[in-house]
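Next up: the structures, one after another.
Heads up, the next two complexes both have chain A, just with different partners, chain B and then chain C.
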Partner chain A sequence: MLKPPYAEKDISGCAVVGIMNISGNNFGSEKIVNAIKCMRDRSNGLGGGFAAYGIYPEHKDLYAFHMMYLDTNRRYDAEDFLKKKFNIAASERIPTAKVNSISESPVLWRYFLSVENKPPLMSEEDFVVQTVIYINANIDGAFVASSGKNMGVFKGVGYPEDIARFYKLQDYEAYIWLSHGRFPTNTVGWWGGAHPFNILDWSVVHNGELSSYGTNARYLEMYGYKCELMTDTEVVAYTMDLLMRRHKLPLNLVAKVIAAPLWKEIDNLEPKERRILTRLRQTYSSLLLNGPFSFIIANQDQMIGITDRIRLRPLIYASNKDMFYISTEEAAIRTIESDLKNIKIPRGGEPVVAQLLTSDIRHQTSSSREGATN
Partner chain B sequence: MKTYIPHKFEVNINDKCIKCLVCVKQCSFSALSFDEDDATIYPDNNKCVACHRCTTLCPTKSINIVKNPIVYHPNEYWKANVIEDIYKQAETGGILLSGTGNDKDYPVYFDRILLDASQVTNPSIDPLREPMELRTYLGKKSDRLQFKENKKSTTTIKTKSEPQVKLETPIMFAAMSLGAISYNAHQALARTAEEHGTLYNTGEGGLHKSLYKYGKNTIVQVASGRYGVHHEYLNAGSVVEIKIGQGAKPGIGGHLPGEKINAEISQTRMIPEGTDALSPAPHHDIYSIEDLAQLVYAIKEATFYKKLVSVKIAAVHNVAAIASGIARAGADIVTIDGFRGGTGAAPTVIRDNVGIPIEMAIAAVDDRLRKESIRNNVSLVASGGIRNSVDVVKAIALGADAVYIGTSALISIGCTMCQKCYTGKCAWGIATTNPQLAKRLNPEIAYKRLSNLLRAWSLEIKEILGAMGLNAIESLKSNRLRLRGVGLSAEELKILGIKQAGG
Partner chain C sequence: MKKKLKAYKIKANGLHFKELNNLIKKAVNDGHNSLNIVGVIGQRYIGTGLNKKIKINIKGTAGADLGAFMDGPNIVLKGNAQDAVGNTMNSGSITVHGSASDVCGIAARSGRIFIKGNVGYRAGIHMKEYQDFKPTLIIGGEAYDFLGEYMAGGILAVLNLNSKEQYLPSTYIGTGMHGGVIYIRGNVHQSQLGQEVSSLKLDSKDEELLYPRLKEFANTFKLDFDKIIKERFIKLLPLSHRPYGRLYAY
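The block that comes next holds the complex of A and B.
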């Protein structure tokens, strides 16, 4: 199933974990699978998934679209549409294995695309975002699971460790892995609703419920986003896209939008900082993510963990040499890494950031991106 | 001419009466008189308006007011009020007047909307133990903030700032002019606004000299009569409100009778004593939207772009398109006044038949501004018939940034909704400029009662937010997913943008 089974807000509890090698060295999926498996009791088999960065070095300058289709006819519909907008450099069925617990899966396909027919005044990223939003909203039975470069999202209905076997993740290597085990309160799980959520290079795994969903979604809609999937995580992904990519806010300020400090705290700051945070909160009050959440987001350069401002959901982080871990539970990290020196619980609303040491990867992609635009 | 209208109320005085005559002295409608010959108080039931002044002050509680049980021949079409309105007009030949808001039996959408609360999947929050924020800023919000790094690698904001006005609770006092209500009432509103970090509105009658000190908490109004409008006045408050219309009487001007224009009112309004203050139906310099834009910017020029400009309109059928025009005309705030909004005096036919419910208007306006991506350009204030903290919450969840309360504020200081504001005889000293009556309103007590009301509502709003799992009022704005409708048609639900309960 690709669309939400009910036209209502999707609610779920979850486990999240993210692992990053900040030197940018790829490693296999074993650690991430074992970590998420450790928190099996936090999911209920109705959704699991992974995001992996660095998996398509041979196509690193192309947008990698992971698509889910209800059936092959929908694939033809979507491909007709994609051909009009992009040059398809390569496409193939996403390799899967037979797994007993996963009986029914959509048709899964991936494409490596370069932008061809975009309006002259629109940025390439905006064009891709709009395409993704259009496909999800208008091409019935087709769903874009991820659309970034040199990365991909692998998700579905099942326990995450089963999803990993289904997608044969043992065959991939990445320098950032995110994973999610889902406990939806709806009885029917659906493939599109599993995490991670992705738009361009941004992927989100999310544990929590946004009590402010309506406020956030209505604000985002003014900026052209359509919150079709009724999941909180979709709102998180679009919020990050808007604030970081389009409005170019630095991460520390993004954190002050989504987990805004209390007015009482802002009022007591030094005048300069107070002015900035006051304006920030006045301007983006509708993007305060209110209610319990912890999430891990990643792009090509960073992996970030954050909780809501009063820390109603758990999050813990640790590092060892150039490996960085963020997880719902400490146990998940200890399972895969026995020698941990720094293990800490972040304060509510304080972002934890793992930053790529060498930004070669980013520079390569951004220069080639400019080349493509010109 | 003998009236055919039977009296509405009966005043009954029992034998506990000690003949102290408080009631006789207090009845400003002359419905009670004392006959010295037989030492008895006689009520004139025809004059009683059920304002409760006598029963409230009677030391022995010996007075009771009941409805006259007299019946007409039963008729579902020609009801008592229909018959009596015709009698009244046959006897006077005039337009029927009413005070307060529309009292007819139209659907109350607020009462058909239920709130959500958190269970299991998200925790509710205890407002007594955890922070709960009601602060709201009115004013234009930029669509984005741009920053620049300076030499010393400090960050500053590049985006031009727009003036903002801070409300510590999203409840403001609606426009009620000095003259329509007494000086003591005005002063109490101003003091309360200051104490609670919110705003009160002068209404269209200017600002009394002694109240300039509450400027930070003041909205000064500019209405079609331009009474009391001058440079100092425009710069006295935090917000200047252009009043185009009023929910109780859309399309209708105002009339403060000459009898109410005493020395003080005359000075404040800048008109001669004893002359009628007639506010034209339209502003005669605003016959179209571009004229409004010019006035908005004339006011901004006169106030050095430091004050917010609000434009207040009545909720009429086409309210969404009009609000969009106002947002594009440069206003910082659009205030929508629903058809239940109050008035000191309005033609009854207008009050009872013109306009639309505020719930529908706010939902439609918020939708429209969002569809046009101009919602950030303006703050949206809901006004007209807000009765309690839950109405406030529902109005904000439907899309408002803040609300105005007028009638509720007056009730808190003694108004009993007798609907006789236009007579100038208000027995509670609220809607009168008669010094003998006006001094009945003790400004200290009025201030305490208003202050208690705002405190109580603010606490209740925090309780409701906590139950919803929210700890800031901004996360409720336009959050219609936290509302459900009961007993509404599909079309009504659609316009309100809410789901049917159970769905």
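The block that comes next holds the complex of A and C.
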């Protein structure tokens, strides 16, 4: 059956990996598939997925909606709704292949959209976010897997390397690839609950669990984000959109919100920094992401790796020329890049960032503009 | 069984960890006492549960739980290790010529682990000892936060050999520690320590305990022992053997 829940509760694991070419040169899916496959034992077949940036150059200025429908009638419902809000420049069934281990899947379509019917004072991005939330919450059996420009999320129930074959990822090229192998902990394994989670350009893969999910979700709801996908990681995508796009916080401060330093550490800081961090914790106490996590987060311009403040989940990173790697395990990177000298461990709560060399100012953070900064 | 002198070679490329560990067990049961395993790429549990004094040479990146629960083998890894090196090991040795990731030496009961490079978070977490069974974990490079967390016994030394900084780049050192001893080459600020430990100077008994182990470490990696001990060391001891004894007792 396609409707959740159809998986038993299981114990922890999960694998995350991200690969970025910081010059913006596209490369095939082979590296990311081999990397995530190396960590197969961390997942259990109840979720696998990929995010790929740079895959739709012919439609790069249009919002690419990847949709999941539980049956074809849901598609008609959703398309009626989309037609009222957008100009649909192109739409098609997402190409898939028959894979033995994946016995059933939702109806999968993609649309390339330009905004047509938005309220005059609303930004285009806010309008898209509102649309996504409306579809997930109100059109029964229809879910948005991704909604960014020139990117897409390909995910489902299965091992990640099987999901890659299912979506024919060998036919795509991207300059950022994220992948996730899932071992569901407290939530169900279903197609919409696989990682990555996405809103606009933001995609997130996550190893860990967020005990603060309820608090985070209630706070985000005040800003119009409704969590409908029954997996804790959904709040991370919306948190990034709220803090970085709407509230325009630089990444180093976003890190201090989601992985806030302990009060004891804040008390020992210089007065100016202490004041900033105290206010951040007070203002955004409901966006502190509590519990063990390592995330890889991407948008058009950057790939970010971060763990919880006391590093209760593993994460390592490395770079070689203009390639940047972030992964749960070192072996996953070594398997695709055997000659890597400098593999590093990020400190708890401190983001590592791979920055597109040609990126515009839109997502610029206060950290250095160099390609690979810690 | 007749002993076989020549090292038995296993190619790990493309093998699942179960296949690899079955090959290792079979080779040991067949009487091989020296194994060369090449092409390791993330396979877990290598050498787990083996209870013979055999030699296992590994090339590659060893997966999590290298030498977990083992009781006797000598493992030498040319490459890096991932999480949980020597998990609950009982005896034997693990020598890593690269670095290791988090929770290195977790819950080790005895034996020795030498890491030439750096380690991640929580090295030496909950190492323990009983009578003459004392695990030793020596780290040549740096160690990150929560070093020796909940440590209940054993000897943990961090040499910080590759850094110009005198102070370790870590905090919460010895949080929850209630047994054993941590030696640090260089120094730590009080603010880097957990509440359960205090920093002391070494005495002659410490030298008796530490120096033979450091000599072995220096010989293993061809380092200069005299140069290592030229720098000052400090030791961290737990303030109490039951730091949380009163926490839940009213």
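Keep this in mind: the second predicted complex is superposed on the first by the 343 of 374 C-alpha atoms of A that agree within 3 Å, B and C clash if a C-alpha of one lies under 4 Å from a C-alpha of the other, contacts with A are read in each partner's own complex, and residues count from 1 in each chain.
Keep this in mind: a residue touches a chain if its C-beta (ideal position, glycine included) is under 8 Å from a C-beta of that chain, and two chains touch if they have at least 3 such contacts.
Just so we're clear, the structure is a prediction, and the values are computed from it rather than from any experiment.
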{"item": "Contacts of A:Pro314 with chain B and chain C, given as first, second, both or neither", "value": "second"}
{"item": "Touching partner for A:Met222 - first (chain B), second (chain C), both, neither", "value": "first"}
{"item": "Which superposed partner A:Arg347 touches (first chain B, second chain C, both, neither)", "value": "second"}
{"item": "Touched partner set for A:Trp263, first chain B, second chain C, both or neither", "value": "first"}
{"item": "Partner chain in contact with A:Ser285 - chain B first, chain C second, else both or neither", "value": "first"}
{"item": "Partner chain in contact with A:Lys272 - chain B first, chain C second, else both or neither", "value": "first"}
{"item": "First, second, both or neither for A:Asn73, with chain B first and chain C second", "value": "neither"}
{"item": "First, second, both or neither for A:His247, with chain B first and chain C second", "value": "first"}
{"item": "Chain B and chain C footprints on chain A, overlapping residues", "value": "310"}
{"item": "Chain A to chain C touching residues, read off their complex", "value": "38-39, 41, 268, 310-311, 314, 316, 329-332, 334-335, 343, 345, 347-348"}
{"item": "Residue ranges of chain A in contact with chain B within the complex", "value": "8-9, 11-13, 185, 208-209, 211-215, 218, 221-223, 246-250, 253, 260, 262-264, 272, 275-276, 279-280, 282-286, 288, 290-292, 309-310, 312"}
{"item": "Contacting residues of chain B [partner chain A, same complex]", "value": "118, 121-123, 125, 130-131, 133, 135, 137, 139, 141-142, 144-147, 154-157, 159, 161, 164, 370, 373, 375-376, 468-472, 474-482, 499, 503"}
{"item": "List of chain C residues in touch with chain A within their complex", "value": "17, 41-42, 44, 60-61, 63-64, 80, 82-83, 99, 101-102, 118, 120-121, 144-146, 172, 191"}
